[in-house]
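You will see two complexes here that share subunit A, one where it goes with subunit B and one where it goes with subunit C.
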Partner chain A sequence: MNRSARRRIHRALWLVPLVTLHLVLLFPGFFAPYDFAEQNRDFPFRPPARLRFVDANGAFHLRPFVYALKVDDVSSVVQEDTSRVFPLRFFINGSRYSVLGPWNARLHLFGVESPGRLWLFGTDDFGRDLFSRILFGGRISVFAGILGAAIALLAGASLGVIAGFYGRGADAAFMRLVELFLALPWLYLLLAVRAVLPLRVRTVDAFLLLVAVTGLIGWARPARLVRGIVLSARERGFVLAARSMCASDWYILRRHILPQTYATLLTTAVLLVPQFILAEVTLSFLGLGVSEPIPSWGNLLAQLQSYRVLTSYWWMYLPAAILVMLFLLYHRASSALEKRATRVSL
Partner chain B sequence: MSRYPLSAASLPLVAAVMLVIGFPLQAVAQDDTLKTGVHGKTGGSLTVALRTEPKTLNPVLSVDAASREVIGAIQADLIHINRETQRTEPALATEWKISPDGKRYTLRLRRGVKFSDGAPFDADDVLFSFKLYLDEKLNSPQRDLLLFDDKPLTVTKLDPYTVRFDLPRPYGAGVRLFDGLAMMPRHLLETPYHEGRLAQMWAVNSPAGALAGLGPFHLKEYVPGQRLVLERNPNYWKTDAQGVRLPYLSQLIFSVVTSEDAQVAGLQRGEADIVERLRADDYSVLQRDAQKRVCLRDLGPGLESIFLFFNLNHLDPAKQPDLAPKQEWFRELRFRQAVSLAMDRKGMARLVYGGLATPIWTSATPGNKLWLNAALPHPERSIEKGRALLQSAGFRWDSQGQLLDAHSRPVAFTILVSSSNAQRSRLATLAVDDLKQLGMDVQVVPMEFRALVDRVLNTKNYEAVLMNIVNGDADPTPEMNLWLSSGEMHLWDLGEAQPATPWEAEIDSLMRAQLIATSFAARKQAYDRVQELVSQNLPLIFLLSPNILVGARPVVGNFRPAVLEPYALWNADQLFVRPAGSATCQ
Partner chain C sequence: MVRTGQRLLHSLLLLAGVSLFSFALLSVAPGNFFDELRLNPQISPKTVASLEQQYGVNRSLPVRYAHWLGSIANGSLGYSLLYRCDVGSLVLPRARNTLLLTTVATLLAWAFALVWGILEALHRGKWLDRLGGVCTSLLLAIPDLLLGLMLLVLAVRAGSVFAFRAYLGSGGTAASEASAGLGSRLFLPVLALTLGILPVLVRHVRSAMIVALDAPFVDAARAHGISASRVICRHALPAALNSLLSLLGFSIGGLLSMSLITEVILGWPGLGPLVLEAMFARDTYVVMAAVMLSAAFLIAGNLLADILTYWNDPRIRVVSA
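And then the complex of A and B:
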């Protein structure tokens, strides 16, 4: 392998965590040891489980293990029951989850036997496994965020390009539409949407609703950005030159104008996805998002608003940590794509 | 809004806050020196954190908690309910007599009392004040309390210091009626009233000189969005046991801190001295504060109750076809009993309120010591019993454990919950899990509070709701509109022309009986039976009553909060600043 190939592989290493993370989030049931709604009311706010190698008698175990927990009836103090070890097992049968539509499975990548509990990231206020909730929540939030951002960008970019490139009537019409969308009192509109929807919304519908609402609300700003870029690119020398050589509109757009917008669009995309994930919290507030007990990254992060959680339980920050990690990866992806785009266009 | 649910929806409940009733009536003559509280030091100022700005300082118009709070420190009433003893005590009236038929009250006024601007107070001010409260155009929230079967009470001046009240019919509440009815200065308000400007008078931003009251403080300064400074009223009529004129404080400052988190932080830093209602979460944070900068009081369960109820409205099935089959379940008593049995009330108190709430099974909370029917059973949580009840009512389970009704329809419904209250959503999450153990497929629908109230009171498009009522009040009378089948707040089945069930008919007659009975024993007997009927028939499935948690810095002297509003400021005239160095709580 020559040096430049090795360097290129090295440079693309960030792709590994990015792809892995999305794969895991796509099949949370398999990677999460527990069901997202399973409560353990005796064990609220347990810190992350300690995987041990050495037991209470000092014996070394090659396979890491955990101890089961027990609650003292009188003092309600939680203690580890050191009488039995629960070794970490792979491909273990546990709670039922749906893989895709009607297909159900019980196989989990890892776990421990009951009554042992492996809470990798600790538990929340109802003793639910935070790790499992992050994975299940990520499936909804991340993909709704990406899809919502894709719709918003696609719609925004197309309308922005048309408005900026053709100007005059199209420009006026589209930009008034944009202003209308920016000025609409969304809160009341969304309340109205909630009022016409049935009370019971299936998770799949909630997901689609999220995508639709974020896409619908989000397209106006990118449209304005793109219009501005196109407007200035339209008058650039090389565009005028191409035009003087009888280049078609489509050719000029594809060859000269669209590439100018890539950088902005990619940056906007990276900013929009986390924005949309957080927007889910607001939508949940209006009864349009995903509601408990189904997790989303929005409602996992919303728990941090409580002063007590904020000051007392550090592991409740883990959803935020995962979110930050994901966005660093997105950022990396966007700058790589941007580089590639500029290299191609030049 | 989250803390005082329903307040937006119902004025009667607001009015309820002003009235605590329930003692046998008697002619009283008491001295006005204080029997409780230690002798304090005069001077100094204390700061109270308010969550919202008061909307007005006009007692005739105030409906919000913040306004009532501030007005309580500026104004005084004729007969006052001591928030600590929950008994009436003389205020601007020193003694009173009630006629044997219970319809005529004669009050003797305190002599030599002056408003904060120096003008004397006499019977004409009383007459004028009641004229305002009864004015139909002003539509004050207190007006409802002064109407009896739609007829107002009448007020007559016998001499400058004697006033007679004639009620159209006897009233069980007795002189507790007068609590919270501030006496206003005729000399300042009569002209604006005749010119129709009264509704604009005494806004929060009025110049300090335009206001006068008979309370311990008067307005000095208002800084919009920030604070309201009250100054000692030099003409205040109360003295302490040693004859020192009250109040002790020279200034009482209300500072507006809208976020509860900021209130807690402010209390720790010393920017506020008193926070009147702490959340359970914040309470536990403050409790662990190593420096013990805040004195905390857990007053136990207050008069707030949280409950779950089903939509039992009689609706047109054509309009809401999905609801009709579900209402068949909801109307089944054994279904509601099973739901109540499945509720892990203790778990809810522990997990959501950190143990700072008390499980309840009926309308009166344990905080309402006078009226609670202590003989009612507290059935232990039991999923097995719940399942047995469901089975006996014709329900069964499929192979997946899903509950099916007699027509093999899966039992699935939604619970509405106000999204502005995080604790309530968490309660609902626990309830959903409890009901899952009965095989019910339940979904929580968080909803913006006003949208929720609209569904409950107007469109009636809902299946089940988890909500609360705050009764600033111990007496059952303000609950009339909740329990009467024709009541405006008969939540589960609004606007019944006839009581839909025999037990609702019985509640109707019991509530009407307690309203006019003048003996406490008779009223208590009636309300005990109401509680029994409620706990047996479960129109509302009562779950919890959160504890009243109050915090103050050690510097606050005579800090003796009570379970009734205003929790920590009921004795504002006795609060004082403890000398520096007294860092420990009393």
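And then the complex of A and C:
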């Protein structure tokens, strides 16, 4: 392998955690040991499970294990039951979940046998496994962000192309509309658009609603970017040459103009996705998005609004940690794309 | 002067467009303020209907819009059904608080960002620049919502009483308590907002300063033996300021959004908690007033940035004259 190829691979290394995280969030049922709604009312706010190697008798186990928990009937104190160990197992059968719609499965990546509990990130106020809730919530938050960005980009790009390519009246009207959408701070615009829709929605609809709302508020900026590119591309020599040879509008758009917008669209997409994830998180945090019992990163963070949770249970911050990690990766991606763009143009 | 006048007219037209747009949007919203009453079996449908009649909820859209425009003229901005008073007297003190918060935060953030960004640009590629880069990208990845929560926890852990009080009052219903401990309560929200906008500003200052420092006129100034600090302040900074001023206008939108969520979390009696409460109660005119005020702030900020750019850069003045 020569040096430049190695450098290229090194530059693309940030892609690995980014793609892995998305894959995990795409199939939360497999990677999460429990269902997101499974309650254990006896064990609210348990701290993250301790994976042990040495048991109560001092014997060493190669395979890490946990102890089951028991509640003392009199004092209602939760204690570890050290009489039996529950080793960590991979590819274990557990609760039923659906994989991408109609298919069901029971296979989980890891877990422990039944009376034992593996709460990797602890539990929330209903004794639900936080790790599983973060994964299932991530599926909603992240894919609402991605779908919203896709809609915004698609709408923005088509409007931008129409305005930039056909110009004149359409362009003038388009620019006024864009100005209108950019004249409101995005959160106020988000709330105004959200206000159109019913306040309390079924959780199933909430996802689609979030996608629609975020897509609706986000189209203006990419549209203006695309319009600018199309405007300058329209006057380039090769477009005029194609036109002189009687190329149709559609052909010129497809072959000569649209390819010039791809790099910008990709960069914009990488910038928009975290912003739209944040839009979902903000709406659900304020109680206007996805609601219980379906988890989303927004309503997981909303639990921190309670003073007791905020000050006493540090593991309830873990959704925030995952969120920040994902955002860091996205920012890394966008700066890498920017660097690449300047390298190509030089 | 003509140009400023044109810009002003354009801004006003834009504001009118925004008002029409958001009024239409909020009017399409299903349900109204009296929906809750309808669920109450002790209140007859006739009473609800007469209430709706009295407050003109069911009148047609153009009529309501005309009424609303009229209410702007006398400063009442409509009537709040939730708080039973004029929206103007409700919203304006809140808007003043939001404006106070965002202005202080903007000034602080710009002061920090200019120093930090220029330092980074001067020490390009050295450890100071790297450290700054890591800090800004970390701050950039932490959403404003988390920033507010983190500051809250830190303040509570540090045992600061005012933060605790602010947290308990996060509903923000009582506007009268607003003026009491405003100064001490300003600290946390300002810190959250400043930290929130800082990374973007620092990055832009850094890159704009790098471009300016690489320009031939800076080399020429250095060759004339002008002192380093004078080269930075008198030669490089004004050149870099141009793109930064347009950023000032641009960043106000983000700042206002950030301020909304920060106000809700840290219990600052600004527009944020009010607009949220009004949204849940379907109190249309309060939401409308808050949305319009935010748009007005944003447009005014852009206008200000435009005028400042015009004033800062003689090249633009020559072209447009």
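FYI, the second predicted complex is superposed on the first by the 225 of 346 C-alpha atoms of A that agree within 3 Å, B and C clash if a C-alpha of one lies under 4 Å from a C-alpha of the other, contacts with A are read in each partner's own complex, and residues count from 1 in each chain.
Keep in mind that, in the parts below, a residue touches a chain if its C-beta (ideal position, glycine included) is under 8 Å from a C-beta of that chain, and two chains touch if they have at least 3 such contacts.
This one's a predicted model, so the numbers in the text were calculated from it and none came from an experiment.
Touched residues of subunit A were counted for both subunit B and subunit C, and C has more of them.
By the touch criterion defined above, A:G58 lies against neither subunit B nor subunit C after alignment on the C-alpha atoms of chain A.
In the superposition on chain A, contact of A:F126 is made with subunit B only, not with subunit C.
Shared-chain residue A:P102: touches no atom of subunit B or subunit C. In the superposition on chain A, A:A195 makes contact with both subunit B and subunit C. Of the two partner chains, subunit B is the only one that A:S291 touches; subunit C does not reach it. Contacts of A:G169 after superposition: neither subunit B nor subunit C is touched. Contacts of A:T311 after superposition on the shared chain: both subunit B and subunit C are touched.
Applying the stated touch rule to the two superposed structures, the overlap between the subunit B and subunit C interfaces on subunit A comprises residues 191, 194-195, 198-199, 285-287, 305, 307, 311. Here subunit A touches subunit B in the complex through residues 37, 39, 41, 44, 125-126, 191, 194-195, 198-201, 284-287, 291-293, 305-309, 311-312, going by the rule given at the top. By the touch rule above, subunit A contacts subunit C in their complex via residues 176, 179-180, 182-188, 191-199, 278, 281-282, 285-288, 301, 304-305, 307, 310-311, 320, 323-324, 327-328, 331-332. Residues 14-15, 17-18, 21-22, 25-26, 28-31, 137-138, 140-143, 145-146, 149, 152-153, 156-157, 167-168, 252-258, 260-261, 264-265, 275-276, 279-280, 282, 287, 290-291, 294-295, 298-299 of subunit C touch subunit A in their complex.
Residue ranges of subunit B in contact with subunit A, taken from their complex: 260-261, 264, 281-282, 284-285, 322, 344, 347, 350-352, 412-414, 416, 419-420, 422, 425-426, 428-430, 432-433, 443-448, 451, 461-463.
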